[in-house]
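Take a look at these structures.
Next, two complexes with chain A in common: one pairs it with chain B, the other with chain C.
== the complex of A and B ==
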């Protein structure tokens, strides 16, 4: 037994992790989801934007690999915006996110009867990174002359009154890379002083706290837990809320293995110069 | 040739770097117009860089296929995938390459939704299994610092998921405090160091001290 635990086959751990995912997914365990202040801040800002008839810009900066974590955020934010009759403009710094953004728009617009061109549009991907953000800041129609469907942004109802980034009541970046702290904050928020919120993968979240404290970012959804919090706030349980059971149990399983590994290390491993 | 390969790029980097810095600090319409113009140029260059990136990727994998390096079959698949998606993009669900890209239906959209999205998401999801295995083997309280890290990680891991609140009501608040205070302090310190390093590197590039971006080809 001692030898088995000291040299635990990785496949045993894989089986436990798989069971921790599959069982709560098949037999959902509903637990109350506590709301953090950073997620609440995004929700409150969108409520405020709705009251003032503002327009929201969403930058879809994540690829398919981050879909399980970030796509529920995109759907929740779009649902919240369309429910409050907020106009939404989407764009992307990453080419592989275009299809995901398109699907999120279609799903949410269908649910709330939002009309393309009147209530929302998607501009698609453009290269340029920081330069694109600076262009959008001073000449929005110049940066995106046409949207993804080929409509002229200077004539489209939802975009015609937007001159630059400062005209947006709120800018939200949904990211799985360095676009929030690498592009949107230094080239956008710092220069044009718009309100900025972030939805990102869990591994990115700890890096963003300096921007939250400085006020350059007013709210953040981090990982699947952040997405589940937002779903709870808008009373629309989706894939993120459903995934919380699996995530909770897998975290517990990993912690149990870490504790077991340390117990074995202190009991036997140190005598042999460290566990294997 | 030395002028074109080294001197001219150094002059361009110096001039553009200095103009970029000056434009940022001069709140005048002329400086803003110049900056706007330069950023448009930058976006055009970035679009060409995509083409260069594709060329570089293809050349790398072609070399692997030609030399039949270990795993060359995967490199061959890069060409298959690239060719299929390019053909589907040109086909554009029967509308041809001159019309706006069809974004709702067609084989290009089908391949994206049914091959790329699930494949990418699966690759990323597999990380959970490897992280669990790696955590069991390496996450050991060998030193007091490692023990602090271990306890912090456990508190954050359990405090960020709903079961944390079910186990102990104060765990989410404790996890949030760890992110807001110790994590923030460490991240800000790292960020300041990285930013100062970035400024130093930018100045070295502008003044031609750092030249590695010119490449190391024969002169």
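== the complex of A and C ==
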């Protein structure tokens, strides 16, 4: 037993992790989801935007590899906006996010009866990064002359009154890369001083906290937990809330393995013939 | 036939049997949606098969992903950028509407970039395009980065420390910033007071790495939960209580 534990095959851990996800998925395990102030801030801002008839810009900057974490955020934010009759404009810095963004718009718009062109539009992907953000700040219709369906942004009801980024009541970036701290904050928020919120993968979250501290962004949803919090806030449990039981269960398994590994290391690891 | 070959063929056999049952029972519709789910499930399982051992199925799925992603990106760039913003306006140039004539300049610079791939005789042209990109990129990035990532970050660190919970947080941030800066200051020997500050800096860095690692585990598990949810709910069509 001692030898087995000291030289534990990593595939044994994989099996435990797999069971830790499959079992809570088959049996209902609902975990309490407390709301953090950073997620609450995004919710409150959107409520405020709804009261003032503002327009929200959502930048879909994530690919299929981040879909399980960020797509629930996109759906929740869109549902919240459409429920409050907020106009939404979508765009993307990443080409692989176009299909995911379109699907999120179609799903949420169908649920709340939001009309394309009147309540929302999706501008699609545009390269340029920082220069695109600067261009959007000074001449929105010049940066995006047409949306993804080929409609003229200067004539479309939802976009015709937008001159630059400062006209948006709120800008939300849903990201799996460096677009928030690499593009939106330095080239957009710092220059045009709009309210900025972020939904990102858990890997990114620790690097984004300094921007919360500095006030450059007013709220943040980090990873599946952040998405589940937002689903709880809008009373629309979805895939993020469903995944929290499995995630908590697997976290416990990993903590157990970390404790076991350390105990075995301190007991036998330093001896001759210890852990390999 | 060794054990790995046996596992490989057994996996293929089970996957084929499950799909035959799913299609035959009507759980998966015999249309493009069903085919898409079948392919997605196969590729997901192929990629996770790497956890057992590197194998041809994993290699196939990995290369397929790279190819599909490249083709999808090319499609998006062609139909949403090159065609409407470059090719169509330039092809509409005539004697009367010359408003878009300036588009020829960035288009030429773009072509110059491609000369990097050609013979040495023409590759020098690419330097013009690269010089433009480097000059423009630096001009845009340097002031913006200093403003957003340096000055704006220094401001909250320098606020007055108040005798409340927020003040304690500010004090911890201040100590952390100073200690980590001291740790990376190599012009003085790390002994005495500098050594203590440097040591504190290491602790702050370790805590930061631990937090990042914890978040990374959470992120990777979220992706796994998403794929397992897909396999159970959409491929195997199980009525899950939560998903």
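Here is the rule we go by: the second predicted complex is superposed on the first by the 272 of 276 C-alpha atoms of A that agree within 3 Å, B and C clash if a C-alpha of one lies under 4 Å from a C-alpha of the other, contacts with A are read in each partner's own complex, and residues count from 1 in each chain.
One rule holds in what follows: contacts are C-beta pairs under 8 Å (C-beta built on N, C-alpha and C of every residue); 3 or more make two chains touch, one makes a residue touch a chain.
The shown structure was predicted, so the numbers you read here are calculated from the model rather than taken from an experiment.
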First, second, both or neither for A:26, with chain B first and chain C second: second
First (chain B), second (chain C), both or neither touched by A:265: first
Contacts of A:34 with chain B and chain C, given as first, second, both or neither: first
Contacts of A:251 with chain B and chain C, given as first, second, both or neither: both
Which of chain B and chain C A:215 touches, first, second, both or neither: second
Partner chain(s) touched by A:239 [first = chain B, second = chain C, both, neither]: second
Touching partner for A:185 - first (chain B), second (chain C), both, neither: second
Intersection of chain A interface sets (partners chain B, chain C): 14, 17-18, 21, 63, 65-68, 96, 98-99, 126-127, 130-131, 134, 148, 150, 202, 205-207, 210, 213, 222-223, 225, 247, 250-251, 254
Residues of chain C that touch chain A when the two form their complex: 51-52, 69, 72-73, 76-77, 80-81, 84, 136, 140-141, 144-145, 147-149, 152-153, 155-156, 173, 208, 211-212, 215-219, 221-229, 232, 238, 240-243
Chain B residues within the chain A interface of the complex: 32, 35-36, 38-40, 42-43, 46-47, 49-50, 100-101, 103-104, 109, 112-113, 116-121, 123-125, 128-129, 131-133, 135-137, 139-142, 150, 154, 157-158, 160-166, 172, 176, 179-180, 183-184, 187-188, 191
List of chain A residues in touch with chain C within their complex: 11, 14, 17-18, 21-22, 24-30, 63, 65-69, 95-96, 98-99, 124-127, 130-131, 134, 145-146, 148, 150, 181, 185-187, 189-191, 201-203, 205-207, 210, 213-216, 222-225, 239, 241-243, 245-247, 250-251, 254
Interfacial residue positions of chain A with respect to chain B in the complex: 8, 10, 13-14, 16-18, 21, 31-34, 36-37, 63-68, 96, 98-100, 102-103, 106, 126-132, 134-135, 138-139, 142, 148-150, 202, 205-207, 209-210, 213, 222-223, 225, 228, 244, 247-255, 257-258, 260-262, 265-266, 269, 274-276
